[in-house]
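Supplied in structure tokens, the structure appears directly below.
Labels A, B, C and D are assigned to the chains in the order they are written; within every chain, residues are numbered from 1.
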Amino acid sequence: MIRIAVQEAPFDTGAEIAALAGMGAGGLASFIGIVRGGGEAGDALRALVLEHYPGMTERAIAGVAETALQRFALLGCTVIHRIGRLPVGAPIVLVLAASRHRQAALDATGFMIDWLKTAAPFWKQEIFADGRTAWVEARPADDEATARWARAG
Amino acid sequence: MIRIAVQEAPFDTGAEIAALAGMGAGGLASFIGIVRGGGEAGDALRALVLEHYPGMTERAIAGVAETALQRFALLGCTVIHRIGRLPVGAPIVLVLAASRHRQAALDATGFMIDWLKTAAPFWKQEIFADGRTAWVEARPADDEATARWARAG
Amino acid sequence: MPASATSLHILYFAWLKDRLGRGEDNLDLPAGVVDVAGLRAWLRASDPAFEGIFNAGGRVRAAVNQKFAGDGTPVRGGDEVAFFPPVTGG
Amino acid sequence: MPASATSLHILYFAWLKDRLGRGEDNLDLPAGVVDVAGLRAWLRASDPAFEGIFNAGGRVRAAVNQKFAGDGTPVRGGDEVAFFPPVTGG
């Protein structure tokens, strides 16, 4: 079972976990990304605005989820990515993986979040306290994290 | 912030996550262990009964959590382990790790669940549909999973 | 809008959209354009705003029909083509 | 119960408790017992039920004062000693 959502609304982590937990899984891993304040320069970040490419985004996420389901023999997985204005502290993304054994669930979760960062068409704009805005630059570290999974075969 | 609990009651994953999410984390990883039915021999497992060593259990879990907090520079972590009779499908254990960066949170979660399986004094008894009971044997694979973290330095 | 066999639907995202002041273009497939590189060249020639966009460190990515595309990916009438900076989701 | 300087509080868990029919023993520190190995030997000599328990593939573990202990870990009056199978939590 794969569940994909791209939405402005917050997600209910407890409900999403409960939906996956009833599938005979022995382990359920999750990752939640959160808008993080206080960057390197001590900037007064207030919010992110997440833009996406409707249609392609859902397709890209589904591709990542299907790959994870096969590769890690998951019983199910869930990916919910929020869009729109998200203040510091708000959850941005939820990734869940359910499997019979714990290591597969944890590995699949890492795999999906790494791939989402490089394969799904989202763009983050930073909104600062003084009204200034800036588009977030892609980080080479994200490409490296994704490439790790290719090497791991 | 470290939160440890050993309890019969179910845990509220959403509430536990919310409590950790407000600490300036950029990523929050979790693992939930679930009582898994349908073992290798197709046994009609109905429930597990989890016994523990009061006092030593909390001390062992705190040791694992403190080690993870240091090693992965976590902002906080939570470990809740249930005891008593837990039917198939019931959550047994919740591990949460909050950090500024995603990989640390995921790694710390794997570290803690692997160590819990070898360092915390819990014992599982299986209850089958026909009333038969059996103590679960420790698996060498669990010791290997723990040893992995020692090698990884 | 319905795609015709010769129309091209072009989408712009993130700072490309800001700089162009619009999120999309609809045009007839220009004569001679057969791939992404050709479309980039045609856009540059047709509007100076694209000069700075496509020169931005060569980092502007493309998708054709909602799949990541390289310079050599074919572009045909009826296609949806998108240009955007490297993605930063997750 | 309050520990005296010569008492020993011994705990049994999981199948050890089932087989012994009790979860704990309280006794005076036996003469000559100075470590976990000595306590195991004394228990075997005092009650045949321990023979099968400590022979169970050598897999019965021990803790002294709530820390995992080896055969050579010292045992003193006032200590809490536990015997149990390899743990299976998580």
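Throughout what follows, contacts are C-beta pairs under 8 Å (C-beta built on N, C-alpha and C of every residue); 3 or more make two chains touch, one makes a residue touch a chain.
Because the structure is predicted, anything quoted here is derived from the model rather than measured.
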Checklist entry - With chain A gone and every other chain left where it is, what groups do the chains form? => result B, D | C
Item to check | Centroid distance [mean C-alpha coordinates] between chain D and chain A, Å | outcome: 49
Checklist entry - Taking each chain's centre as the mean of its CA atoms, how far is chain A from chain B in angstrom? => result 23
Checklist outcome for this item: Note: chain D sits from chain C at a C-alpha centroid distance in Å of 75
Checklist entry - Out of chain A, which residues touch more than one other chain, so two or more? => result 33, 113
Checklist entry - Between which chains is there touch? => result A-B, A-C, B-D
Checklist entry - Once bound in the complex, which stretches of chain B touch chain A? => result 12-15, 17, 21-22, 24-34, 36-38, 89, 91, 100, 102-103, 105-106, 109-110, 113, 145
Checklist outcome for this item: Given the complex, residues on chain D that touch chain B span 11, 13-15, 63, 66-68, 82, 84-90
Checklist outcome for this item: As the complex stands, chain A meets chain C at residues 33, 50-53, 55-56, 59, 81, 92-93, 113, 116-125, 135-139, 142
